[in-house]
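Dropping a structure here in structure tokens format, bear with me for questions.
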């Protein structure tokens, strides 16, 4: 039993050690990678998609048309 | 052979009996459940989706736009 | 080894023979089939779907509405 | 030269047996019915194609190591029909049935077709050459349930040799419901009865739709555990849809998953359409009994509705009794169509959906009885 | 008559054991939590349903030949959790973490919950009747990883008997993150600390997002091969998405495939909720330890953030340390919510996503350590 | 301390063999080609990733009990390539080929690449150290079919050890079609020939498109049953699409199902890229022969077109002969591009689709010959 607890404690130290070691190396690797990529492949940053939320300013009929079209489309898909 | 028919007849009576018993109990259970739900969770009834069928009153250009957009969307999905 | 090459050469002749035989028979079969179908089931040829590309002539608001609707639709789907 | 001879000896022409050729014709017939006649194409097209593939000489597509051999495991283990049942459950709306629970009794009555054709199968044993065991008879009877996955599930457990013929009969007759049912429905009802308008249904709340599948499952657990694989998966699909909290799972169960399983199930059922098992006098018996089962189920449903009409204060149009055989949603549409013929303002579709989905439950219950009593 | 008796003897009522009835109640409770309370419904609904199905007497749905028996193979072989991990990888955006790599350390610190509860499990052996082996303790500890597929993968390898309880605990506590974390976060931080605004992140280029999963995989190959099944499938999904060249595969991995596997995985996990394995004093221990694991992980993350804040020139809001337990994205949302309470202009969501996804990597690494050292 | 040592002894660094490291590099190279160069990413990305995963020391992902071990069953049993073929069939439009059936002969001629490289493989046995059996040679030759699933199907049956190299060669060369073909096409044709405009095609009716797959299947049943698994599944997919009655099954076969199987197939093919099987002089031979196969197939197609042009009253642009190798649709696009270079009004794409899809049939037929004669 006490031996088992000993294994557990050891496992805790080794385990947390590995976790920190691994993630610390990953931090270093990311920093290295980022600077390499930014130097050698200086591409424009990926912009996130912006979806205009304008529904409120559009007359009801248009929305109804879209709903109907989507419904037809969806039914056709099945 | 005759014994087999006997088993069959018995199976018919037992089977239809169970089917009716089961579904009758389900009728009772539904009635009970509905009244309980309606008393203790008197939520607004779920309205069925109404799809406005207004396509005819919408000018052709809008429909064409939707079709094109759907097509693009659909292609993007793949 | 030489025997193996012999098998290979034979396989080549037999193989290409079968491939040509098969596809030639398929040519004949298609011609036969097409004339039979055209005689006995003279249906209108299947027209390919034409998707009107009219997005450019439609005002921006409509397109925005469609985008928003599609987005909502898509999110609902998930 | 040797190669040419060995190639010739490996052609289909050289190796064909009459039985294989005939079964391939059956396969092509099923494809014709599916494509040209629109008979249950989602199932009959893969089944017909499977029948063709599995009867190709030499190729061994349905033999050990072949594709259809592997796919068939999904039927042998009961996995495919249960997954289809889950998808069907997710597509089913129990609203109309909850609004008018007594229509459940119509779904019960229509199961008489199952037991009547079971008896019929045993009676056919009088014909020399036919020897249906009780298991065979039960598997044949289930055709009367008018429910594909249930029929395949029961047949795969009780009488796998007859599976091909039973599945083909079940789906063919389901496609023929618009032809089989109307004459029976007309014969058993008067013009006045067919004109009966039913009062509008109440709306059913979301809570009721969520509780129902659980209640159904619970009842089945308490009374008939042997039906719980079928009813359980059906209830699971229904609950996924009704609860609204796992929309993406429900959509997948109703679409991609059921589509994939349908392709596999159809092909594997087709692989059971081999000459050895199908070209027997038994098959003619199965086809005949299947037609009877549908007819008797239809009649029982209509008669039950007439009986209930006598004791009920709210009127029931007897036509909706015919929808109790299941065959969702064709049977409900047939009832609606006949109703409109007699009374152009009489829309029975929603009212017929109650007995229609009740029929699915009814045949699953009947399947449970057969699975637990027929050993 | 015989039939009736044999039917009665095959009813659920006749055959029920107390344990089965209780486990069914547990199943219904899980359904209630999933549907009514919105607790991780995508997993808890199928798990709850699987618990009910597998405890039905007579039916044998989870026994050899039953549906859940076959589905469970996907867990036993480790296939399901790995496919889910691939889908999760495809859904994960490592952008915020790459923009601010040192948040990875928060994801490391939060894994202390895993090892602390592992020790806790061993300590509980002092209670008579409890006998957790080192494997059991490791499988219990992994609950603290707050990552469902990782917990199921590890438990299926180390302690399959406890799998049901561990999976239920993991998903339940993940759903409870908005309740468990805030008091701990408030207790360990001052109002001023919670007000800290973090500086806006730089944009991360597509090339970095493509290289990252490969780098992660490589590191794991070199240091910890035992973690590569998990990290590898996660990296594969992430690469499919980030590369943009296999959009249709990425979409399928994120949607239909993960949905299908989620249904199957949930049902199979549920099939491990049988009375024999679940109704043990061990289960109470597991539930208690799981709660501790989450609490300790949360605290470790917050404390680590406070320590880093002391040595860092750019300020770090300690609240985002709590997101290091993973439980994506709830833990990040909790951090965001608490931040807004103290400072209405403080949007921490994106900043908390870094430690949040780092926590997934951290627990996969911890899983690798346990799988390779606990024999 | 013991733990630390045992952990160190379980790291990848400690256990790496040179062969594994090299194969991992091959895997990364494939990922680079897929992502950066856009070489058949749908296949080469999963294959490359599978190569990496299967060469990780200690982890055993491709060994018994590992994920790739289980997935590989789908290839060993021939299930994955056949399902992909069904999906490809559903995506294929035979219209252009039915409108101009004699282009089928171009698809026949281009299969000469298969048999020429088969002979080449046997000739290479003259080199000491190389010992290709007839089966190996046949499996290598099929690379010339320029059709991925066919190559994988044949290789898995005839020469599973070479499967990895063959699949990689097949997909790589398919991606290289735009580089390999043009010089050969230019060398074998005159400017005037490349300018030939082809007359507009007739429209093909829906009925013809429905009958065609059945006719194809029937011919294959009668003449070459060994090709029916491939041709049958292809015809099934095509019929599902052309018939229009099972739209939802057709969509699923073309999208989700083929996507799921593509991920699994790619990973499993990658798992055959292990040092033991791949790092052999044979692999160099396979790569060299594969390139020859493509070149010879292209040349045969072009020459056949020139011969046909001499005897035909309607003009045929010899460029479309090159599309006969299959590699759908790249080869047809190459023909179109070269046609436009010589004559800006010459759109050959639709005309090249005929031989292009004929090439798929042609290589399936050649596969059938090999499978039935090479024992």
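All chains are identified by letter, namely A, B, C, D, E and F, in their written order; residue positions are counted from 1 within each chain.
In the analysis below, a residue touches a chain if its C-beta (ideal position, glycine included) is under 8 Å from a C-beta of that chain, and two chains touch if they have at least 3 such contacts.
Computed from a predicted structure; not experimentally measured.
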Between C-D and A-E, flag the pair that has more C-beta pairs in contact. A-E
If you average the CA coordinates per chain, which chain's centre is most distant from that of chain D? A
Farthest chain from chain E, going by mean C-alpha coordinates, please. C
Copy-to-copy rotation for chain D and chain F - C-alpha atoms, rounded to a multiple of 5°: 120
Equivalent of C-D within the choices A-F, A-E or C-F, defined by over half of its residue contact pairs recurring: A-F
How many angstrom between the C-alpha centroids of chain C and chain B? 37
Cα-centroid distance, chain B relative to chain D, in whole angstrom: 17
Cα-centroid distance, chain D relative to chain E, in whole angstrom: 41
Residues within chain A bordering two or more other chains: 11, 14, 18, 62, 66-67, 70, 78
Of all residues in chain D, the ones touching two or more other chains: 3, 7, 223-224, 248, 251, 255-256, 369, 373
Can you name the residues of chain F that touch chain E in the complex? 3, 6-7, 10-13, 15, 24, 28, 31, 34-35, 38, 41-42, 45-46, 49, 52-53, 56-59, 61, 65-67, 70, 255-256, 259-260, 262-263, 267
Taking the complex as given, what residues does chain F use to touch chain A? 3-4, 7, 248, 251
Interfacial residue positions of chain A with respect to chain E in the complex: 1, 4-5, 7-9, 11-12, 14-16, 18-27, 29-31, 33-34, 37-38, 41, 43-47
Can you list the residues on chain B that touch chain E in the complex? 10-11, 14, 18, 77-78
Within their complex, chain F touches chain D through residues 77-79, 82, 86, 210, 214, 217, 221-226, 228-229, 232-233, 236, 239-240, 243, 245-246, 248-249, 251-253, 256-257, 369, 372-373
